[in-house]
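Some structures are shown below for you to check.
Common to both upcoming complexes is subunit A, partnered first by subunit B, then by subunit C.
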Partner chain A sequence: MIKSNDRISPYQLAMIVIMAVIGAGAFHFINDAVMAGGNNSWLILILYGFVNIAAAWILITLSKRFPEKSFPEYIQEIIGVIPGKIVTIIFVGYLLIIISFEIREFTEVAKMFLLPRTPTEIIMLTLILTCVYVVRGGVECVSRVVEVLFPLLFIPFFLILLPGIGTVDLTNIFPVFRHMGSGTVKMLPQMPHAFRGTELLLFYIGFMKKPQKAYKPVTIGLMFVTFFYAVIILLSMGMFGVKGTTREIWPLISYIRNIQSPGLFMERLEGVALSLWVMTVYSTIVLGYFASSYSISKVVGTKEHRQYVLPLVIVIFYIALQPAGLAQLYDWGNLMYKYISSIFIYVLPLILLAIAALRKRGIKDYEKA
Partner chain B sequence: MGVFTRRKAAEETGDEKQKLATTKSLEENIDMLKKLLADCNDVVYKEFRVGVDQDNDFVLVFTDGLIDKSFINEAVMGELMIHAREVPPEAPKDKEKLFELVRYGCLPALELKVIENLDDAVLAILTGDAVLFMDGVSKLIEIGAKGWPGRSVSEPATESVVKGPRDGFTETFRFNTALIRRRIRDPKLKLKQMQVGRRSCTNIGIMYIEDIALKEIVDEVERRLKTIDIDGILESGYVEEFIEDNPFSLFPHIKSTERPDKAAASLLEGRVVILVDNSPFVLIVPVVLTSFFQASEDFYMRWIPITVLRFLRYFAGLISLIAPALYIAVTSFHPGILPTQLVLSIAAAREGVPFPALIEALIMEVTFELLREAGVRLPVLIGGIVGIVGGLVIGQAAVEAGIVSPIMVIIVAITAISSFSIPDYAFANAFRILRFLFIIAAGFLGLYGMVLMLLLVLGHMVKLKSFGIPYLSPFVSFTASDMKDTIPRVPMFYMRNRPLNTAVDKIRMINNRHMINNIEASKSSSDKGGKTDDKK
Partner chain C sequence: MKRLSLLLVILIMSAALWGCWDKIEIEQRLFVLAMGIDKIEEEQKSIPEDRYVVSFVSPVVGALMGNGDTSFHTYKTTGKVFSVALNNMYTRFAKSLSFEHTRVLIFGEELLRDEELFKEALDSIGRSHEFHKSMYVFAVRGKAAESFELEPKYEKLLAMYISGLADNYKYEDRIAKQAAYEMYSDFANNNGNTLIPRLIAEKDEAKVTGVAVIKNFKLLGFLSGTEYKPLSWIMGEGDRGLIEVEHEGIYVPFEYNELNRKLKLDKVEGDKVFLTINLESEGALQEYIWGRKLLDQKLLRAIEEKLEKKIVALSESALEKFQQEYQMDVIGIRDYLIKFHPDVYEALKDDYETKFKDNISVKINAEVNIRRVGVTE
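This part shows the complex of A and B:
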């Protein structure tokens, strides 16, 4: 009988990249990016997009050496069982913090625009519990749900952004290319913030049948992400100007708020946009959540990952409750994204690849094997 | 040991000797049979003697009402009692020889079978065949003479079409297989029969086209059917519940249909059709979400209107799922979404309504479901009265009494109409229940709750499989060419491949549309066809 296949197709991998990278952070990220990069921020972002594609290729090259194995399995091969388990646990801890941060950030936005009188705890808990159901289904369900959500999310979302284009004044983005160099340096710390989520590829490529086919979908996925960021930065800058954009906490929501569309059935679209945005937050969480519960099962050495999913709810919920408010949340977030994320996205894969090459672990050329 | 235990034992060991054996003596056989069929007053034992000397004792046993009496008279009684005397053949004295003569030379019935034990004889008698007992021989002859009162082929009540064939399946198993066979004259169209149900011994048939349907799926269907061990199967719904992948799911993932054309189309797509005796509904596996939004008419009419209508159907599905929930979410959580004028008119309409929107919606939806449930089983004459009462209660009295707002009435009405636009009844039922879950989610968490609910439903659908096929395909494990018959319906000549991607023989047709306007090309191709196939 056709068994449940725990495999990911290249198309699904592209969706995973997109949905893992784009998350709740996209609202606030515009503010940070424009503050650092000014008029050139969208150009610099595109540049960083290519840098990150290169970084993702390193990730793929590493994962490719260990076909049908994901990060928690092959790291034990590279640096030994005990150190491997320790690194995996640190990674899991990082993922859980990221998930909690994501949940908390979205909750703050939702509280502001959607449910002002609902307690924070309720919003967070319902979101986490909704994720649990799919995470328990395994990688097959996770990848499929992400695949289905992509068109459901982005087609309506772009349709919502569309009517605002009339009010966008693109002269606001001029002058370009001035202070490009200093902007690039200033925006560098924002790069891991924008492309956080690529590190999950360490897990998900392991579920591919032919990991050498991962280059194309990952590149396409990251190009879409770059395009998306560039578009929303351009739209926000076009509507508010550079100064105005830095003044808004969530420029994208303010942009949607400002859309005037006479004759439409709906008048203020930010509620609709935010409800749609639940989907991307959900998929970001689900992808990280599955990776962490799967890693735990590999560290402990059990076959199934399911039994770890529900207990993790408590951990995530607890961490998410820690920041006292929006200001503290973003302070902590800046620290985390700048330093810890970049370690996992750029540094760790490079080190692991070097060690694997030196110790001759894994398959060097997949085609010949 | 009873009949069922013996039958089961024989089936498990494969040893026919487990069943109750016959003897050579007619008297003993009939005595044993009468013991087995004690107090079955509809079983008839017709004793008669055959031959010029009247020295061969025969007994014909059958169930009254299940057999075609005129056929038995003509093909059995007439031959044995009258013709055997008119032209006296050299009736062999050896009983075995006599049996051979009767079996191969005397009975002009179409279906004859030799059976060698009483358990099979009992089953044959109760199925509607006649069994001929002869003195001195331990073998029995089963004569196929089924003929019971049955409904003739008529238009299916649940799936009527404007354009398309009007015949529908009936309760008789054989009619149903014939209706499918009439549409596909392919030797590769296979029918595997088995009997399920210890007491009912219901005929179940698996139909598939050998070189299209994936063998694994056919084997899996057969394996699952064999696991059923129940006293009786009365309808294909029984079978559905036993073999579906996830019986705890809200969504149907086996399609049942009354239309032979639909069954035939499914067979050609590489699906497997399960027919159950006594049920006009055949089961189709595997199916995906989009199959529940397709009507068989979709392929009998021009594709442009059908594509538009399909969009409408999906839209109706969405409306029937979320319209009341959306109303609650917008009015009680996010009135800012709507234009000011509309918010004002909703507020004006809701003025004086004592309940929150959640309760208001629940009252109306429950009332509607009550009316619908009451109306389903009522005779047509009384059903009309339900309509009047419902119209008054829903439409007017509730609004005038100030319990609900007129806008809520509009919402409920739109929801109802939309839910009737979903072609499949079982699927529409799933949406009915989900609608209430959405109402509750929206009542507590507004739009956010609705999206969470949607994510839960999606998460569930993503897990769901119908015989190994993902329920949401082709949207998951995305393949662009499979989208041709989902939300749009592209012209038939573009559907080169079968929509089900497990089909073994993928190509279903060759697009020769370009030949219509190019006379030369079509001529040369028909010449070529003539050379390869002389019979044409």
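This part shows the complex of A and C:
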């Protein structure tokens, strides 16, 4: 059972969706998206946004059947205790890999632009250990941190993007709709890369008092995410053109670096942008981290999740050190997002929902219960 | 026991707080304000493999505050690879190079003629995180290093002087301005063609006028400012400038505040493509002659017609030069076709440069509106 004070409000759920989905990957994602979708990638992305809202609704519908319970608990009800535990353990492994990936990716970016001589291990460890503190605080702590970080992150971030708009040539989006069909298909493998993080809803809806109220915040959250991606793709494409965008590994950072404001003050904004970006990476990690430690506690059957947080540091740290470099990191990331993420976001919830409906587990209509 | 653990915690914490690997004091930094890259000549080589000469300008901070003699120093270094040349600086200076505030990047003529060397230097600057790309790029005749020998008469810092000159592009269309990222996106989106602003350095003065024409990463030649001006109109980069025409024996300068270019596809006949460029400008007449009235619509209309003819004639010759002689499209026709008429472009895609010469014909129209004539009649 979930403790009565560990609740999250619908507003917090929206923040959780946004912060979980937008992570370190957004920097590199632009490159991948434009590579596959060309100048229509922002339109295709908006299309994918709707697809993912629909997918998220399936997640909510599943979670709604089991009020006050989160994924590791209700999966045991649906497919039985032992298979449920096995699936949960696999999910935890996946989450840990995702967290490690986020940490490693952010470390590489930070090392490139901010801290070239600081050892990789130190950057990673400080990031992980700071997360540990919040995760030990429980779901309420996590969701409040996310709630506080959201305005702190996005308001200054959009302000930083503003001065560059003068140099953006929006005619680069033309010809619109040309080869859009093939682009949509080509970009499809990138979809889970962008919207990875929605699977965490399986955990967090369980902490809501009224899970049937989750539809609206999740929809709003995903719409914000879609809007954010569309804006950063448009800006990068507007500044570099389609071919220029695919040349940059992190088009958005290069965009910020190129900003020239009249007068000499306010230059080299990438340092500010990256320090803001720590927050979104941080909250992405915290959300996944909590979900995994909570799942472990449910698999083992303990009341608390705290004791599992610290040992996980070693696991995450070890996994994060595995990729040889940026090239291998992105190779592995591509495989992981394409195949594993899509299973957890799109396939698993659908299967679980079907089984739950067939075996008549959970409540069908929350209001009547 | 409790005290011991407290002590341990404090010790560990203080150890963690040492961790400042990336701190460089501001006195330790050598701020590079301008940078020039040249191809090396035989007598400059320190080892036979050297290929680049890189020169820097950095300010003398103390002299800027007081009234020192020189407000900047220039440095030169050589190397086989561009980054090696940079790193060679560390063997000679007790400071670390900082490119955070670099404002000017100058390419020497010989470097621009050597495709491979130029591409390598381009990639090095484009790839490294140390260089930001909002600095201005220039090309010089002769050596880039030579332009750092000039001592500006009117300003203390050479780099600020040169970048300030380029910023004057908004007052006169003979001046071209290009930030490094614009050059990079030109290279990426336009098959390695671009125009780099030309810098002319004399003893105590510099001039920014005209452009260097780069086709496929190789220098084709330089255009003077007067040749570049009509080109900037048909490129859609006309901002402000003066055109003078002769009317009844009097030279009348017309100052335009905007010169809009509109590209339009007229028709496609077989493999021939017909386009129109419409140049619309608005502005004021600056002078006439003492005692003659200028505020007269008929007179103004006559002058407008002459201006239109002149604009068309100048633009056509500029276009002709690029279409027939250089065979490169810097005007943005390719870009326009890709964006708005992708089907038309599909047919021209292969071997576009020759098709640009043979199959595309462009008609130029001009429309001049004289709105004001100054404060006297």
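Operating definition for what follows: the second predicted complex is superposed on the first by the 362 of 369 C-alpha atoms of A that agree within 3 Å, B and C clash if a C-alpha of one lies under 4 Å from a C-alpha of the other, contacts with A are read in each partner's own complex, and residues count from 1 in each chain.
Here is the rule we go by: contacts are C-beta pairs under 8 Å (C-beta built on N, C-alpha and C of every residue); 3 or more make two chains touch, one makes a residue touch a chain.
Predicted model, so just to flag it, every value in this text is computed and none were measured.
Enquirer: Figure out whether A:220 sits in contact with subunit B (first) or subunit C (second), or with both, or with neither.
Expert: It touches nothing on subunit B or subunit C.
Enquirer: A:230 contacts which: subunit B (first), subunit C (second), both, neither?
Expert: neither
Enquirer: Pick one for A:144: touches subunit B only (first), subunit C only (second), both, or neither.
Expert: Only subunit B is touched by A:144; subunit C is not.
Enquirer: For A:171, using the defined touch cut-off, is the partner it touches subunit B, subunit C, both, or neither? Pick first, second, both or neither.
Expert: Touch status of A:171: second partner only.
Enquirer: Touch check for A:276: first (subunit B), second (subunit C), both, or neither?
Expert: It touches subunit B, and subunit C stays clear.
Enquirer: See if subunit A has more residues touched by subunit B or by subunit C, and give me that chain.
Expert: B
Enquirer: Give one of first, second, both or neither to describe whether A:268 is in contact with subunit B, with subunit C, with both, or with none.
Expert: Both: A:268 reaches subunit B and subunit C.
Enquirer: Scan A:112 for contacts with subunit B and subunit C and give back first, second, both or neither.
Expert: In the superposition, A:112 touches subunit C alone.
Enquirer: For A:244, using the defined touch cut-off, is the partner it touches subunit B, subunit C, both, or neither? Pick first, second, both or neither.
Expert: A:244 contacts subunit C only, not subunit B.
Enquirer: Of the two partner chains, subunit B (first) and subunit C (second), which one does A:357 touch, if any: first, second, both, or neither?
Expert: A:357 sits against neither subunit B nor subunit C.
Enquirer: Let me check the overlay on chain A: which residues of subunit A are in contact with subunit B and also with subunit C?
Expert: 114-115, 118, 122, 267-268
Enquirer: Which part of subunit C faces subunit A closely enough to touch in the complex?
Expert: So the residues of subunit C in touch with subunit A come to 19, 21-22, 100-101, 129, 132-134, 179, 181, 184-185, 188-189, 338-340, 342.
Enquirer: Could you please specify the touching residues of subunit B with respect to subunit A in the complex?
Expert: 216-217, 219-220, 333-334, 336-340, 445-452, 455-456, 458-460, 462-463, 465, 467-470, 472, 475-478, 502
Enquirer: Across the complex, what residues on subunit A touch subunit B?
Expert: Spelled out, the residues of subunit A in touch with subunit B are 1-4, 9, 11-12, 110, 114-115, 118, 122-123, 126-127, 130, 133-134, 137, 141, 144-145, 147-149, 264-269, 271-272, 274-276, 278-279, 282.
Enquirer: Give every residue of subunit A touching subunit C within the complex, in rising order.
Expert: My answer: residues 112-119, 122, 171-172, 174-175, 178, 239-244, 247, 254, 257-260, 267-268.
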